[in-house]
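Next come two complexes, and both contain subunit A; in the first it sits with subunit B, in the second with subunit C.
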Partner chain A sequence: MPTASALLQYVISGATVGSTYGLAALGFTVIYNTAGIINFAQGEFVMLGGMLAVFALRWGGVPLPLAVPLAVLAVTVVGIMVNRVTIRPVRGRSPLTLIIITIGVSILLRGGAMLIFGKDTFALPAFSGGGPIQVGGAALLPQSLWVFGITLLTVLGMKFFFEHTLTGKAMLACSSDRKAASLMGIHVDFMVTLSFAFSAFVGAVGGVILAPITLTAYDAGILLGLKGFAACILGGLGNPFGAVIGGILLGILESLGAGFISSGYKDAVAFIIMLGLLFWRPSGLFGGSQAERV
Partner chain B sequence: MLRIKNLQVYYGMIHALRAVSLHVKEKEIVALIGANGAGKTTLLSAVSGLVRPASGEVNFYGKDITHERADRIVREGIAHVPEGRHVFKPLSVEDNLLLGSYHRYSLRRRVAIRGEIDGIFSLFPVLADRRKQLAGTLSGGEQQMLAIGRALLSSPKALLLDEPSMGLAPKIVKEIFGHISKLRKERDMTIFLVEQNARGALSIADRGYVLETGRVVLHGSSEELLANRDVQRAYLGREDLTEG
Partner chain C sequence: MKSQVLRNNAWLLAFAAVAALPLVLPNDYYLTVLIVGGLYTILSIGLNLLMGYAGQASLGHAAFYGLSAYTTGILAVTYQWPVWAGILAGLALSSLVSYLIAVPTLKLRGNYLAMGTLGFGVIVFIVLNEATSVTGGPSGFTGIPKLSIGGKEFSSDLEYYYVVWAAVLLLFALSRNLVRSRMGRALRAIHTSETAASALGVDTQRYKIFVFVLSAFYAAVAGVLYAHYVTFVSPGTFGFPTSILLVTMVVLGGMASLWGAVLGALFLTLLPEWLRAIEHFDILVYGAILVLCMMFLPGGLAEGAQKAWDASLSLFRKKGAAAEEGGGQ
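The block that comes next holds the complex of A and B.
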């Protein structure tokens, strides 16, 4: 019989991992909203965030408080490059073509990471010391607090950007109607570049905050990416805040599944949920019905 | 003023515009009429930079803008209201209008632009009641007004209107045409109006051009065109003239 404290423990650790799923999902959403495609290299942005921080720390001798933002910044640049080098030259092609290109990019980034960093698993030190904090019989790692805090800040920052800045609204306009957006003087290519930058940024943030808890390796992006995508579906594709909530929810469900059923099914939970939703509620939990006249 | 010289446009193998030349003078309303597929929309799209012409020239106030990008042409003072309205459906009415001012928006101009948005609301009071509503929930006529209002916020010298009457009830069509002639009177707007509704368009225009399979086949003052037998037969639905 599971106790309340065990339940709480599962929820806490699930929400921690789920925050990263949520940030990966947010990354998917941002690119989907401007470029109209699913970027399957999203998981690799998450992986690179963690890996680059580890290597700045180990090889570069960069102190942790500097290595973390540096890694995030570097991945943001990678995101911009991915768009400039692989997506922009073939813009205007069918979304399917572009999506397949992003799959190619993900394989390339993963392979590159393997060549450079090797096949070992790495850990990033926690952002701050101190032992676990006891909350209602469950242990809360200080790193979890970092994860929750940074996720919340990132989400609030994105929310502010999309709802209260003209550039944010212009990005939404691009997703709604590219032709009309360019007639308003919005440089659509630039907005797509910006969306890749944002997407890589939030993905890397997700990777770097989670690396001290779950360890990271060159191929960590595969599952993180797929779960981020599942979180997107859960939250309703195209809805940034639904994506983050979807990620946290997915993390919690996965953790409960691992705890109460079997840890062997941990990864399956995410995909069972995704399949179920695609069958019964393809617009996601927060998709709602769309009222629109033509 | 807008001057188009020998404009040629191809879509792959299709020769969509064949050496089209025309001009629109300052503060003039010029109508471009023609059947479906004659190339009317292509012509507007070539002017606003959405379509790349193969050859020819588009000149606006002495500046060659033939090969400029769409997002640059709007800065030159040409606002294109595309066929089918193309409002930003998931954004509010207010945000749609705000995005109209995108290319010239700055913190310094923020207050002035707010004032211009209120100006649009007094021009189209139906929009004022719906300012927080999502544009996708508006009726067709309201969306048309929003699309025109949004274009006006780019502070244009010339307005290109593509089929503003399409799919609207006759009463709304009349209202929209009324607004268009008011724009010239009250805002000194130069207007290039593309329409299938030839009678409506010519009733507010000074001059008109008739486009047929990518060629200008006829032009003249609105009165001349309205009185022209070929125009009457082909575009004004006067079937009784076919024998005469």
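The block that comes next holds the complex of A and C.
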């Protein structure tokens, strides 16, 4: 029988990693809602967040408290550029074409990262010192607290943005009906740009807070992106807060699976859950009933 | 009339060219590349039936490719099955599994098949890596016998080249007939509007399931041919990047165009060979070509080739007309 403290330990470490899945999933959702496409470069935004922070610190000699926001800002700019250069000039094409473009972009970003940073694995120092804190027999890393705090802040900030600002409401309007939104005088192109900025921003935040715990490398984005996508389905595609909860839940289940079943199959957990949901509850846990059966 | 005849029989000409190609190749290395290109052609023709004609995407097609390759390999080596029996089992297993995935996901409207296959593909990849006692794990599964039919072993590259391209020819002809049949029209109707198609009496779900299983079957054919050619399989060949590569072949070649599938597969097989000269930067060039083609050539290489052909034809005609006019005066 697993002890309560072991269980708690798995939940804590799962929720930490899951926060990043959740933020990646949030990024998927925001772009899906405004532009109607799945952005396969999302995982690369997460990877770039961690990698750029490492390199600002090592090569640029920038102190950590500055390197982290700088990296996030740089990735946000990358997100805007991706939309400006590759998506916006061909807007209106079939979603599949746009999705393949994002796949091409992900190859470019990954290749660029490999050329610039090399193939090694890097670690970012923890945001604050101090040993693990004991909670009910489980060890809680100070970095986990940073992860939970920053994720919570990001989600609250987003909630405020979507519910209390005009721009946020305009973005929501795009997600329910782009054409109607455009007829109401909403600048849809700008909203799409904003959604790319947003999703690069949350992706990079997810990457940079996790980098001290799981290390990072040029190809770390592939799996993180796929799991973020699975989290999206878990939360119900198109539901931003469902996505975040879905990510955290996924992280916890994965960690429990690794602890109690087999660590080799840890990465499969997310996708088994995803398949199960598609078969039995395709609208996700929080998605209402938008999946239409024929 | 003449051009119609040419168009209808263009594929025969192309395959005559394929048959003659080994005679002019500078060395055997190209033969290997073309065998692999043939396998990718089979994969992308199958996937194009699904994506281009039925409008559904599979993001885990490499899993069906791998499943049949591993099945035939494991049955031949571990269980000492005859090669043909292993091949049949591989084809059957991939088709069966694709059916099991298709039934629940294709009940839903939207791209749920894409998500289901994505998840399935990753799971298969992980199982191939982790079930070491059965699959050999990350280092792969070795010692698979060469293909042999009725005592004839196809061991040389040249023989195998013809085996693979004979399969390409067969499956191409099958697909060509399929898309021109009642079935093909039904699939295109589904692609345009599922509601309209079903209102007109098309059993949309049954057709979608059929074409998905068929495309998985094509992938399985490529898988068994791969296993008995390379005689070694490892998980890396059948992962998510391969699935993405296949989708890219289809879209880059041109959706709903069988010729496009052939062009896309061959182009993306040869491209890395050409890019080898600029090692390290090849991945950047690869990504850039992908993005640029998608941005500026939305109908894919098939449309590009068609345009270039039409342009050169009209240029030729103009010249001819000008010459005639000049002669008349």
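Simple rule for what comes next: the second predicted complex is superposed on the first by the 289 of 294 C-alpha atoms of A that agree within 3 Å, B and C clash if a C-alpha of one lies under 4 Å from a C-alpha of the other, contacts with A are read in each partner's own complex, and residues count from 1 in each chain.
In this section, a contact is a pair of C-beta atoms (placed from the backbone, for glycine too) under 8 Å apart; a residue touches a chain by one contact, two chains touch by 3 or more.
On a predicted model such as this, the values are computed, not experimentally measured, just so you know.
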item	value
Residue contacts on subunit A - larger count, subunit B or subunit C	C
Subunit B versus subunit C as contact partner of A:188, first or second or both or neither	first
Contacts of A:166 with subunit B and subunit C, given as first, second, both or neither	first
First, second, both or neither for A:260, with subunit B first and subunit C second	neither
Touched partner set for A:104, first subunit B, second subunit C, both or neither	second
First, second, both or neither for A:180, with subunit B first and subunit C second	first
Shared subunit A surface residues [contacts with subunit B and with subunit C]	291-293
Subunit B residues within the subunit A interface of the complex	48-50, 69-72, 74-75, 79-80, 82, 86-91, 95, 98-100, 102-105, 134, 136-140, 143, 150-151, 154
Partner subunit C, residues of subunit A touching it in the complex	86, 89-90, 93-94, 96-97, 100-101, 103-108, 110-112, 114-115, 222, 226, 229-230, 233, 262, 264-265, 267-268, 271-272, 274-275, 278-279, 282, 291-294
Subunit B contact footprint on subunit A (complex, rising order)	166, 169-170, 172-173, 176-177, 179-188, 290-293
Sites on subunit C touched by subunit A in the complex	51, 57, 104-105, 107-110, 112, 115-116, 118-120, 122-123, 126-127, 129-130, 194, 198, 204-205, 240-241, 244, 247-248, 251-252, 255, 280-281, 283-284, 286-288, 290-291, 294-295, 298
